[in-house]
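Before I ask anything, let me first share the structure, which is written out below as C-alpha cells.
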Amino acid sequence: MEAALWTEKYRPKSLDDIMDQEEIVSRLKDLVKRGTMPHCLFAGPPGTGKTTAGLNASDERGIDVVRTTVKEFARMASLSSVPFKILVLDEADNMTGDAQSALRRTMENYTNTCRFILCCNYSGRIIEPIQSRCALFRFTPLPEEKVVEYLHRIAKNENVKTTEGGLKTIVEVAEGDLRKAVNILQAASSMSKGISEETVYQVVGRARPTDVHEMLNHALKGDFLKARDELRNLLVKYGLSGSDIVRQIHSEVFRLAIPEKTRISLIEAIGDTDFRLVQGGDEEVQLSALLAHLAAQSSVHRSVREEHVTALDR
Amino acid sequence: MEAALWTEKYRPKSLDDIMDQEEIVSRLKDLVKRGTMPHCLFAGPPGTGKTTAGLNASDERGIDVVRTTVKEFARMASLSSVPFKILVLDEADNMTGDAQSALRRTMENYTNTCRFILCCNYSGRIIEPIQSRCALFRFTPLPEEKVVEYLHRIAKNENVKTTEGGLKTIVEVAEGDLRKAVNILQAASSMSKGISEETVYQVVGRARPTDVHEMLNHALKGDFLKARDELRNLLVKYGLSGSDIVRQIHSEVFRLAIPEKTRISLIEAIGDTDFRLVQGGDEEVQLSALLAHLAAQSSVHRSVREEHVTALDR
Amino acid sequence: MEAALWTEKYRPKSLDDIMDQEEIVSRLKDLVKRGTMPHCLFAGPPGTGKTTAGLNASDERGIDVVRTTVKEFARMASLSSVPFKILVLDEADNMTGDAQSALRRTMENYTNTCRFILCCNYSGRIIEPIQSRCALFRFTPLPEEKVVEYLHRIAKNENVKTTEGGLKTIVEVAEGDLRKAVNILQAASSMSKGISEETVYQVVGRARPTDVHEMLNHALKGDFLKARDELRNLLVKYGLSGSDIVRQIHSEVFRLAIPEKTRISLIEAIGDTDFRLVQGGDEEVQLSALLAHLAAQSSVHRSVREEHVTALDR
Amino acid sequence: MEAALWTEKYRPKSLDDIMDQEEIVSRLKDLVKRGTMPHCLFAGPPGTGKTTAGLNASDERGIDVVRTTVKEFARMASLSSVPFKILVLDEADNMTGDAQSALRRTMENYTNTCRFILCCNYSGRIIEPIQSRCALFRFTPLPEEKVVEYLHRIAKNENVKTTEGGLKTIVEVAEGDLRKAVNILQAASSMSKGISEETVYQVVGRARPTDVHEMLNHALKGDFLKARDELRNLLVKYGLSGSDIVRQIHSEVFRLAIPEKTRISLIEAIGDTDFRLVQGGDEEVQLSALLAHLAAQSSVHRSVREEHVTALDR
Amino acid sequence: MSQPWTVRYRPQTTREIAGNKVALEKIRQWLDAWAQGKPSKGAVLLYGPAGVGKTTVAEAVARERGWDLVEINASDKRSGEILSKIAGLASTQASLFSKGRLILLDEVDGINLRTDSGAIIAILRVIRESQFPIVLTANDPWDPKIRPLRDACLLIELKRLGLREGIPLMKGILAKESVNADEEALRSIMERDRGDMRSAITDLQILTGPKKSLTLEDTAMLSNRDRTESIFEVLRIIFNSRTVAQARRALDKSDLDHEMLFQWILENTPSQIPSRHELERAMSALAEADLYFARIRKTQSWHLLSYALDLMTAGVAVAKETSPRGWVSMKFPQRIGSMSRSRGTRELRKGVGAMIGSKSHISSRRGTKLYLPMIQFIHQHDPEKYRQIAEWLDAKEPLDEILSLENDLAA
C-alpha cells in the first residue's frame, strides 16, 4: 500500500539488521540465546537503533507510576511460562530521580521473572544505583556514509531520483537519526524535481545554511538593508516562520569569522529575539531589530577584525 | 443575497482559474487525470489559494469532499462512518504535536476510504511521519500586479468606485494574501466615499503613512513635544493600538532620510518597544519613550546630517 | 433604588441625545429610516457612546434587542431560537481569533433573522471576514468642555457640591471616556467633603500632581534622599501602586522646567521603569532607581540651567 | 480557648477600639445607626484595620457576616441560598479584571439580600463600575507613636520586658502594619532576653543591616568569595528571600562611603537584579552576579576613595 | 539456568561476603547486643555507594540467624500511614516460639517528601517503639533529608572493594563458570567499575560471552558507567577553552543533567577565574543563562535551552582573557543537596498557611508569609509556647515536619 511509512517498511526485522552496531548486536543475541540476559541500559542519541517498544514515551512516568504500573507488570510477568519477560522502558532518563529510586528494588526483586531494558539519550541522567544494576550498551550515531548508503538503497527501491548533495543534506539535517532521515527522504520524494539540496531544505522548512550565512554577513558588514532584503527573501522563499529563522541564525553564528566575545554577545541577542517571539513579539519587527543589532556591531567589530579573527569550521 | 462574502463569490471555480501557481496546478491536474491521489500537504502563506486548490482538485475528481478546520476536525475526529472521500483540513500546523500524532493514526486507519489534503502555513511545523505520508505542494505569495488586476475586476463587477492609489494600498496592506485583499476591498466598499488610500487605511485601522512620517520627522528634528502631540492624535483619532503604531513606525523608518547608523539604532529601539508593549507596558509611556529616543538621536544626527544623508525611496 | 449607577440613570434615551457624534448619528438615523440595516461595527475608545448608540438604534427600529458582553455571548453562542432581531455585542475585540471565526459563522447562519452591532476599541483587532461583513462607524473621544458640562448637569441633579477644579480633574483623569467620568463623579460624591481636586485624586487613587512635581524637583536638584522620602510618602500615604506613580511622573515631566535634552532622557528612563514594573519589579527599588537617574542628571543640568530653561505650562 | 496568636487575642472587639481611623469609624457608626448600608470599599495598606473594621461593622448591625478570601468567594460565587447579609471580601485587588466583572454582576444581582465590604490595598486596581457602586473608605497607615503605645500595652499585659529602642525598631520594621508589629513582638518575646533592638532584628529574619553591610564591603574590597559566603549565609541561615536581600542592599547603598557616581551606577545594577529575580531568576545566581559587579568596581573605586567619600547617615 | 550472575552468585551468608570485615563485625556485635535487650541505638544505618552490598548484608544476617525479614523499599509507597503499620509489626513482642525478625528499611534516601509525606517522622517512631533490630540503608547518609534518622542510628559504612578483594571474588565466579581470564582483564574491569561489585560481575558476564576465555582486548567494548568523576573533565574543558566552539563541545562529553552542570560551573567559576573583571563577565553570563532556565520553566519553550547552554559554557569560557594559572581544584556544588529538599517543604507550607489564614482572617499566602517565620522563631526559643500556638492552630503535625526539614536545610 502506497501510503505506508518507509520507516516501517524498511524497519530492521531482526537484530541482524541493526546497522553498524555490530558488537552490541552480537553480544545481545548471545545473551538472549543463553537466557542469561542481565538488565540492560541502552544509551545513545535518538534514531540509533535503540528498541522502541514497551511503555510509551508519552506516558506519565512519575514515581507513582513506577510504584504501580511498572511493578504490577513485573509481578504479572512471573505468571507466564517463558523463562522471563522483557520490559522496555523508553526514555528512562526522563524519569525523575525519585521515580528512578523507586525502580531499583523492583528491578531486583523480580529478576527471576523479568528483565528491564532501559533506553535513554543520556546515561548521565540515570542514577548510579540503577546504572550499577545494568549492563551498559552505548549506541553511537551512525556514520554518515552508512546512512547515505541506506537512503540510497531505499531510494532505488522506491524509484526516486536523487542527487548526492540531496542525500548528504538529508543526513546533515537528520543529525544521525536514521528514522528522521528516512522520513525526510519519503517526504522529499513527492516533489517533482527529485531530491536535491534545495528540495530537502524546503521539505524540512529550513533555509539553506549558506543563505543564512550570507544574510548575517551583510549585516555584520554594516549593510543592514541588504541583510533585511535577504531576510524577507528567506521568509518567502522557504516559507519560514520567524522562530525558524532565529534558530537557524543561532546555528550559523558558530560558523561566522568573528571574535569570540562578539560571538557570545550575538548569541545573547539571538536568544533575546527568540524569547521575544515566544512571548508574541512581531516577527518582522523583532527580526529586523536583530539584524540591526548585528549591523550596529559592525563598526566596533570592523576595527578589531584584522587581529582577532578566528576562522571556525564546524 | 447581499451579505455574501466576496471571497466566496469570486472564489475560482476550477483548477485553471487559480492564480499564478502554474506548477502546482499542473501537478494536481496530472494526479487527477491519472486517477491516483496521495495524501497532500499544501504549504504556503495565507491567501495563496491552498484551500481553493484543495477543493477544486477534489471536485475535479468527481468525489465527495469535506472541508474543515482544526477545531472542527478535532470534534469529528472519530470519523467512524465517513460517507466522503477527500478531506481538506485547514490550518493543520495549528494542531499540537499530540493532535498531529492522532491525525497520523487516523490517516493510517482510513487510508482505504479517504484521502487528506492538509493545508498549512509552515510545513516545518508538521510532524515528520505525516510529512512523509504526503505529497508536498508549496504555494508562493502572489505578485502585486496580479492582485491589483484581480481586485479591479471585482470592483468593476460590484460597481465600486476605486482609485489606483486605493487598490495599491490594499495590496500593500494585504501582503500577498489574496483573501485579505478581497476582504478589505469589500469592507472599504461600505464606506460612502469610495475606495481611496484614505478609506483603506481607515478600514484596516491604520494611520496614514504620511501622519506617521510627520510624527517621526518632528522627533528627529528634536521637536519632541510636537511628535508626542501627533502620537496622541494617532492613538485617539485613529483609535490605533500601540502595537499597530509600532509596526507602522517600523515600516516608515525605512523611508526616512537619515544616516544608516541612526536607522539601525532606531530599529533596535523599535524592537524593544514592540516587546515591551507585548509584555503589557503602558502604551503612551512606551511610545513616548521611543519618540524620546528618536529625539535624542537628533542632536547627534543633525551635526552629521549635511554630509551623510541618504535619500531612500522604496 | 439608591445603588443605581449614574451611568445607567443618565444614559441618553434617543439617538439625538448622543453627544458630539453628529456624523454617526445621522448615518444611523438614515439606516433606520430606510428600514435596511447591515451588520455594524462601532469602533472607538471606551466611553464614547458606542453601546448607547447601538441600543438606541435598535430601539428606534422598534425591534427586539439583546445586549451582551463577549463572555456571555460565548455562553449563549448557539442562539438556536432567537426571539429577537438585533444583537449588540460589547468588547468584540476581546474575542480570540477562534471565537471571532465562530461568530462569523453565526453571523452567516442567522443573517435572515438577526443583525449584529459589534462594539470594539480597535477595529484592527477584528478579523477581516467580519470587518468585511459590517458597515464601519468610527467614534471619536468627546471634547473636554462637553464632558464638564455634562458632569455639571448630573451633579446639579444629584445635589452634589462641586468645584470647577474638581470637575476639570475628573475630565483630565477620564481622558475622554464619558462613562469613566460619570463613575468617578459618583464615587467622589460619596466622600463627605464634596468634589474637589483633592477628593477626585483620592477616589481614583492618584497623587496630587504637585506632590509628584515636588518629588521630581528634589531629585533634579540632586537631593536624592528627599526625593525618596517623598516617594515613600506617595506609596504609603496615597496607597499608590508603582505603575500609577510612573504614569504620573510621565505626565509631570512635560511640565518641568528643564532643558529639552534632559526631558528626553527622562522619558526614556521612565519607559524603562514602566516596563520593569510591568514585569513585576519591586516598586520601591525600581522607582528609587528612576529618581537616582534623575539626580544623576542634576549635575549636568544644573550647569546649563540658567541659559536653557524652558517654562512649560500646559 | 484563648487565642494563642496575639494578633487575634488583641484584635479590637468593637468599632470604638479601632485605632486612629476616627473619620472612618464615625462614618461607619453613622451608617450602622441609620440602618442603611451601601456596598463599601476599604482601601489602604495592610495591617491598618480594614478587615477588623469590616467584621465589627457587620457585628454591630447584628446581622450575619461571612468573611472570605477571593478564592473562596469565587468558589461559592453562585450564592444561591445565602443565609447571611454582609460579605467581607479580602484582597479584592488581587482579582483579575474578569473576576471583578463577575463580582460586579453578583453585586447587582444580590443587591437586595446582601452587602459587600471589599478590602484592598490599592483602590486604583478595582474596576470603575465596582468603585462607583461602593462607598470608599481610605485607611491610612498608623502613626508610629500610636503603634508604640499599642505594643507597650500588649507587652505589659503579657509581662514582657521591653526597651524603647526595641519597640521603635519593631515599628520601623513593620512599616505601619499593625499585624506585622504585633507578630514581631510576640516572636521576640519568646527569647528570654526581653525585647531589644537586637532581638527584634533576629526575629524579623532580616539580616541585621551589618551583615548586608559586611557582604557589600567584602565585594567592594574585591573579595568576591567572602562576599558570596556571606550571601549564602543570608539566604540559608536567615532564610531571606532574594528580593528581601535586594531591598536591603538597596537601602544599604545609601550608607556606603563611595563616590556618588558609583552609588548611582550601583543603584541601577540593583534595579537590574531585582528585575531578573522577578523574571524567575535564581536568587543565588543573580545576587552573585551583582556581587561580582560590585567587586569589579573595586579597583576603580579604591583609587578615588579617599577624596570623594560622602558619609551618609540617615 | 537463566539467572544473571549477580543473582546466581549473590552471597548467602556473611562469610561469603568479600571485604568490609570491620563493618560486618560491627553489625554482628550490635545484633548480639539485642539478646541483652534493646541497645541504645535501635537501628543501624548501612551506607555506601551503589553495589557494595548493603541489602545483601541485611539479607545475609537475617538468613544466618533464621529470622524473618520484613522489607520496605523505595518501590513501595512509604507514607507515614503505611510505615505506621510496619511499626505495629515491629513493636509486637515476639512470642516464645515465634521466629525473630529483622526490619529492613531499604533506600531511605529515596524517600519522596511529597508522596511519602510523614515518612521520616514515622520511621523515627518505628525505631523508638520497635522490639526488633532495624536496618536502614542509604547511598548518601549526609543527605539533609534523612538527618533526623542519622541521629537515631548507629552508622556503619560499607566500602567499595579494592583489587585485592575484588579480583579473587571474580576469579571464584569464573572458576565456577569454567572461564579462563587474564589478570589484566579483571583488573581493567575492576578499575572501570571502581569497586562496584555488582557492575563488575554484570560486566564480567557480558564480556565472557559464549567463549570460555576473557582477555584484555575483550574489555575494550565495555562502556564506562557515568560516575561523578567525569564532571571534572568537563569543567576543565570549559574553564580552559578560548573559543565558543571548544567550550560548547564540552557538553558532548557530559551526560550530566544541565541544571546540575550549571551548579558545578557556578560553584567553581570564582576560583577558576580570579580576575575581578573577568569574573564579572563570567558571572553575568551565568546570570543570563539562569534567566533562560527561568524562561523555559515559565513558557515551556524547551528550544530556549540551547541559549542557556551556550552562555553557561562558552559565556564563561570567553569571559577569560588571561590564560589559566595552573591547576585549581574543583569543588562540589554546595547547593545540590539543599535544592531538591526545599521543594519538598513547599506543599506543607501551603497547608499550614491555610490553617493560619482561617484562624486569623487573612489569606493563606499572607498567613504563610507573615506568621510562619515567627512560629519558626518561637519554636527555636520557647518550645512550650510553640506547642501552644501549634495546637491552637490545629497544625502541630505539619508544623513539626516543616520545622525539622528547614532545620536540615539550614545545617
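Should a chain be cited, it is by its letter among A, B, C, D and E, assigned in written order, with residues numbered from 1 in that chain.
Quick note on the criterion: contacts are C-beta pairs under 8 Å (C-beta built on N, C-alpha and C of every residue); 3 or more make two chains touch, one makes a residue touch a chain.
Treat the numbers as computed from the prediction; the structure is a model and nothing was measured.
Q: Going by the contact rule set out at the top, which chains touch both subunit B and subunit C?
A: none
Q: Could you work out which chain's C-alpha centre is the most distant one from the centre of subunit C?
A: It is E whose centre lies farthest from that of subunit C.
Q: If you fit subunit B onto subunit D using only Cα atoms, how far does it have to rotate, to the nearest 5°?
A: Fitting subunit B to subunit D on C-alpha atoms yields 140 degrees.
Q: Between subunit D and subunit C, is it the same set of residue numbers doing the touching on each side, over half shared, or a different set?
A: Different: fewer than half of the residue numbers at the subunit C-subunit D interface appear in both copies.
Q: Based only on mean CA positions, could you tell me how far subunit D sits from subunit E in angstrom?
A: Averaging C-alpha atoms per chain gives centres 40 Å apart.
Q: How many angstrom between the C-alpha centroids of subunit C and subunit A?
A: One centre to the other, that is 51 Å.
Q: Hey, how far is the Cα centre of subunit C from the one of subunit D, in Å?
A: 31
Q: Hey, how far is the Cα centre of subunit C from the one of subunit E, in Å?
A: 59
Q: Can you tell me which residues of subunit E touch two or more of the remaining chains?
A: Within subunit E, the residues that touch at least two other chains are 295.
Q: Taking each residue of subunit D in turn, which ones touch at least two of the other chains?
A: 279
Q: Moving around the ring in the sense set by going from subunit A to subunit B, list every chain once.
A: Cyclic order starting at subunit A, direction subunit B: A, B, C, D, E.
Q: Residues of subunit B touching subunit A in their complex?
A: The touching residues are 23, 27, 38-39, 43-45, 98, 107-108, 111, 121-125, 128-129, 131-136, 138, 140-141, 243, 246-247, 250, 254, 260-261, 263-265, 267-268, 270-272, 274-275, 278-279.
Q: Write out the stretch or stretches of subunit B touching subunit C in their complex.
A: 1, 3, 5-7, 69, 71, 179-180, 182-187, 190-191, 202-206, 222, 224-225, 228, 236-237, 239-241, 244, 273, 276, 279-282, 284-286, 288-293, 295-296, 299
Q: Can you list the subunit E residues touching subunit A in their complex?
A: Listed in rising order, the residues of subunit E that touch subunit A are 1-7, 49-51, 55, 73-77, 106-107, 109-110, 112, 115, 139, 196, 198-199, 202-203, 205-206, 209-210, 221, 223-227, 230, 242-245, 248, 254-257, 285, 288, 292, 295, 299, 301, 303-304, 306-307, 310-311, 314-315, 318, 340.
Q: Under the touch definition given earlier, write down the residues of subunit E that touch subunit D in their complex.
A: For subunit E paired with subunit D, touching residues are 266, 270-271, 276-277, 279-280, 282-284, 286-287, 290-291, 293-295, 297-298, 334-335, 338, 357, 359-364, 366, 370-371, 373-374, 376-378, 381-382, 385-386, 388-389, 391-393, 406, 409-410.
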